[in-house]
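Consider the two complexes below, in which chain A is the common component and chain B and chain C are the respective partners.
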Partner chain A sequence: MSLAHTQSVALLGLDGHVVTVEVDIADGLPMYVLLGLPDAALSESRDRVRSAIVNCGEKWPNRKVTVSLSPAWLPKSGSSFDLAICIALLSAHETISAEAIADIVFLGELSLDGRIRAVRGVLPALIAAQKAGVKTAVVPSANYQEAQLMQGIEIIAMEHVKQVLRWLRTGEREIADEFDLQWQPFDDTLDFADVAGQPQARLAAEIAAAGGHHILLIGPPGAGKTMIAERIPTILPSLSIAQALEVAAVHSIAGLFTNRSPTSLLAPIVSPHHTTTRVAMVGGGAHVIKPGACSLAHNGVLFIDEAPECPAGVLDSLRQPLEAGTITIARSIGNITFPAQFLLVLAANPCPCGKFSGRGRNCTCTSQQVRRYLGRLSGPLMDRIDMRVQVDPVGRVDMARTDLGETSAAIRLRVIAARSVAEVRFADYNWKLNSQIPSRALRTVFQPERAGMNFLHDELDKERITARGLHKIIRVAWTLADMHGHAIPTLNDVEQAHILRGGVEL
Partner chain B sequence: MNEREARAILFSAIEGGHSFWSAEIFETSALIVYNKLINGGYDCIKHGALIEEVKSASFDQISTSIQVHGAHLLIPGDSHWPSKVDDLTNPPIALIAKGNCEVLRTDSLAIVGTRNPTNYGARIAGDFAAGFVDRQWSVVSGGAYGIDSFAHKGALIAEGVTIAIIACGIDINYPAGNTRLFNEICESGALLTEVMPGCRALPHRFLTRNRLIAAISQATLVVEAAFRSGSLRTARDAAQLLRPVMAIPGPINSPTSEGCHRLIGERAAEIVTSVADAVEFIGINQ
Partner chain C sequence: MQRRNNQLTGAFGEEVVCEYLKVHHAEIIERNWRIREGEIDIIAMYPSGIFTFVEVKTRSTVAFGHPLEAITREKAHRMGRLALGWLATHGCLGCDYQIDVAAVMIAPDGSHSIDYRAAVL
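Our next item is the complex of A and B:
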């Protein structure tokens, strides 16, 4: 028989589609046709597959070879179809049984000597395969750790085409060592104990973690803004397995397991540089649409240092994900949605030269430069920031202290306790965190105690806060109430939230 | 040609705060200076440009250019002329006012400070403005961003009278972001300027404007100011006129309180920590 087919997976963003790879070998002049909207990397698969087959000691059919990837309308890209094409071709050439390969998904790029190389997006591809009812998948050994996260599908890791052929012909294969599937909940290289002093910023970080509130840290260089932001993941509760899978899937698409282990349960932190582009921030690309920083920070922290230095529009592109928890990228090949539920932490210097703090005598900025600097953060974005915290330089006493500050583990316990109180309260609603309470619910059900409300109305009357600011303050007050064990926010909680909000709105 | 017309013409031709011409007009009268200028009583070469300008100016034109913006020209002797400005060594030749001119002679407190206040300063400026408005004082400031804006707003929220002395022509809203604030100020209080309509807000005009803020008010309060700041100029102008000067202290590590601490340290300003304090201090000094 000169016709065979097997399966692989094409990815559009995080959505995988199982693709049937058919190969037909017909009489005619030797040639090779690849159908099914391949991109450049995929078109080049011909030469990789040919060399791999020949170098494995197999015969290349010197006839007319037609390879079809269906559904044909779906644009396909990348090198992960190499292995599937190679196997289907050999089967069509009648060296492997066609039944053996029909229901298996093959993923992997071939090197010219027949070794199977790692590819991006193995995890989301396997998720799609499992949904489509596939029972067995062959993946590159290098992707085995990530692939093992998938339960309910037999994963076979292979290093070389020869191994695959031996397995398909004789059923013999070496069982690859099972990777240690210990989830690694915590990474102890970073700890809040390292941060000297900074009681207010520590408190703000704890509140942010407990209630999911976005924060802005303002302070001179060297005050510890970055240090604090980098440690926020260590006080977040560990990810659930489902959340970890989502995070791993996004990282898999981006091919970023070098900086993050796929089995980590630690909330991710992504800190794009301030020169980053809009596409790098929210995701995009022409052929292969990759997730941006905000999706890589899904279920974790997106930290943007020197936020006012970001080009106009980059930070504002975060407005949709901040609102919706997802980011949709529209391209000619379709709309692709990535998850993007993150805690936004912005850090900024007080002025362009960074010295407008303390006595401020070394600051070389004009009054207008100082005023405009933080003004670069647009109003709508600032509206979504619940807390603006001043981070002062570490004082003499805090530097001299030899005892360490409170550890992340201790703070995390309080964060988890506060979150569980909120979860019980919101059991009947479709949100989990205080920062997600809709404003309608704030007005009707979730009001703070009378005195607190009176205080806020008084502030509103004096035009010191806006109606939106009032809602933000109440949300933070709820988190404070959860942390202090109050059933509803007291006047004290409301006042503290008001101070953290930054008091007067400019 | 009467005194009013002569004043208007000289006002339009001479930049505010000119010490020689101010003194000359103040000691004699605008009419005398005008005639002397036209008839070659001053150095024709040194003052050539000015003489040309004065000769070609027409009162009607000046008057319409002011009225077209709904403003009024005030000269000394007018019932609404804020006579306290005559204490200056270089008093204004005339003033242009828009809004409610009656408020210009009321008791007033000048509240000045940085354009980049902290929340603390913004709050204090508003509270003091409201506190003085409650005691039937009006609040004078410069209409700039920051402390100035918060002082004006504080007075307006307390339903009081506030006066903004601006550094540009009455038709130019500088800074543009405060256009709405200026309109609100005009409803009950007034906008005041020492330059003709159409004049831009140039740096030197802020300094000459500052002396008016100091002179028109009974007392001056500096809320937050950096180590180098125009607000300190206003405070020193007020001190020269022997008007009470007060400053609000702040944290010693706050750059926007450095100027206040400097004034307090140099004994140029009295430290005040409440509205009652300030009222008492002004009372003693009157």
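Our next item is the complex of A and C:
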């Protein structure tokens, strides 16, 4: 028999499709034809597979080799099909039994000497394989830890094609050491105790974490904006296993497990530089569509330092994911949706020179420059920010204190408590956080106390807040009520939320 | 000297393939038909009446890969054109024909093996 088939997975965004890899060896001139819309990297598989086969001491068939990846209409990319093609080819060449490989998914790139290299997107590929009813999958050893997150499918990690062949021919294999699959809830390298002073910013960070509210931190350089933002993940509740899997899948597609362990339950934080492009922010790419910063920050924090320095349009591209919680990228190969539910933390200097704070004595900017600077953050985006907080320079009193501030663990306990109060309240609804309450519900079921409502209506009459601003204030007020143990937001909660919103001038 | 050697090797390979065709009941019509564009090594006809054009590749070493790998897409196309050229000049255009290739490998001890592939184009 000179026909064999096995399986692999093609990824389009986070969606995997199980692909049947068929190899036919026919008489004719030595030739290699690859069918099924391969991209450049996949077309090069021919030379990698051939070298790997020859260098493993196997025979390359000097005949007409036709490789078909079906469904044929689905565009396929990348090097992860190498191993499947190699195994199907050797089976078509009658060196491996065809039945043995028909129902196995193979993932991996081959090096010329036959070693199996790591590939991107192993976790989403396995999720797709499991949905398709696949029972066994062979993955590169380097991806084993990530692959083990997948339950209900037998994962076989292999380092070299020779090992795979020995296993398929004799059934013998070295059992790779199972990674100790310990979810790591917290990382204690960063802690809120490191932050000196800054009571208002600390409070704002706590409210942001408890209610999922987006915040803007404004302050001079060196005041601690970055320090506070970097520590927000440490006060967020640890991810549920389902959330952690979502995060791991997105990071796997991006090939980014170098700096984040797949088993981490800590909310991710992504801080793109302010020169970043729109594509890097929301995701994209010409051939292989990769998730952008806002998807990598899914279930975590997206922190943009020096936000007014961002090119026009980059920040505004976040408006849609902020509303929808997902981002859909349209390209010629199709529409791809990535999750993008993140807590947005923006940091900005008060003016171009950065010193316009307090009495603003050292500021060298003209008053017009100062006014224009924060004006670069567009109105529609600012409307989506629930809190704007001044981070003042740390004074000598705070720096001289030897007792540290509250630890992240202590704040986290309060955050978790506030979140569980909200969760109980929203049990009958399809949202979980105060920041997600739809405006219709805010005007009917989830109104604050009458006095608070009157206060807001007065502000609205004086045109100090917009209608959307009013809703944002009520949402923050609900979080404050949860934290203070009030059943519904009191006038005090509403006023405090109004102050945190930034009052009139911003 | 080397060139002479290679020519002898090639001629030997063609001889081997002719023997092979005769064993398989094919009639040799012409050998080494040459025009400006190139050469057809062997033209034969099977009892079924199909013209067969054979390209022979002979190697005495495998250092340069399998002999048939030396046939590039471009060479294969030229074989097709040459076959049509032969049919045209012999008034047989429209007849059934096929193009075969044969690889002859000569071992250091002088023994040889033949890898014959019919109708490859």
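The rule is short, and it goes like this: the second predicted complex is superposed on the first by the 504 of 506 C-alpha atoms of A that agree within 3 Å, B and C clash if a C-alpha of one lies under 4 Å from a C-alpha of the other, contacts with A are read in each partner's own complex, and residues count from 1 in each chain.
One rule holds for everything that comes next: a residue touches a chain if its C-beta (ideal position, glycine included) is under 8 Å from a C-beta of that chain, and two chains touch if they have at least 3 such contacts.
Remember, it's a predicted structure, so these values are computed and weren't measured experimentally.
By the touch criterion stated above, A:Asn62 is placed in contact with chain C alone, chain B being left untouched. In the overlay built on the shared chain, the residue A:Asp27 is in contact with chain C alone; chain B does not reach it.
Of the two partner chains placed by superposition, A:Gly375 touches none, neither chain B nor chain C. When the shared chain is aligned, chain B comes close enough to touch A:Arg361, but chain C does not.
Legend: residue contacts after superposition of the two complexes on their common chain; A:Gly325 is shown touching neither chain B nor chain C. Counting the residues of chain A that each partner touches, chain B and chain C differ, and the larger count belongs to B.
Of the two partner chains placed around the shared chain by superposition, neither chain B nor chain C is touched by A:Pro71. In the superposed pair of complexes, A:Pro438 makes contact with neither chain B nor chain C. Of the two partner chains placed around the shared chain by superposition, neither chain B nor chain C is touched by A:Gly255. Once the two complexes are overlaid on chain A, none of the chain A residues touched by chain B in the first is touched by chain C in the second. The part of chain B that touches chain A in the complex is made up of residues 114-116, 119-120, 122-123, 126, 145-146, 150, 153, 157, 226-227, 229, 252-256, 258.
Those residues of chain A that touch chain B in the complex are listed here as 356-361, 363, 367-368, 370-371, 392, 462-464, 502-504, 506.
Across the interface of their complex, chain A is touched by residues 66, 68-69, 71, 76, 101, 117-118, 120-121 of chain C. On the side of chain A, the complex with chain C involves touching residues 27-30, 62-63.
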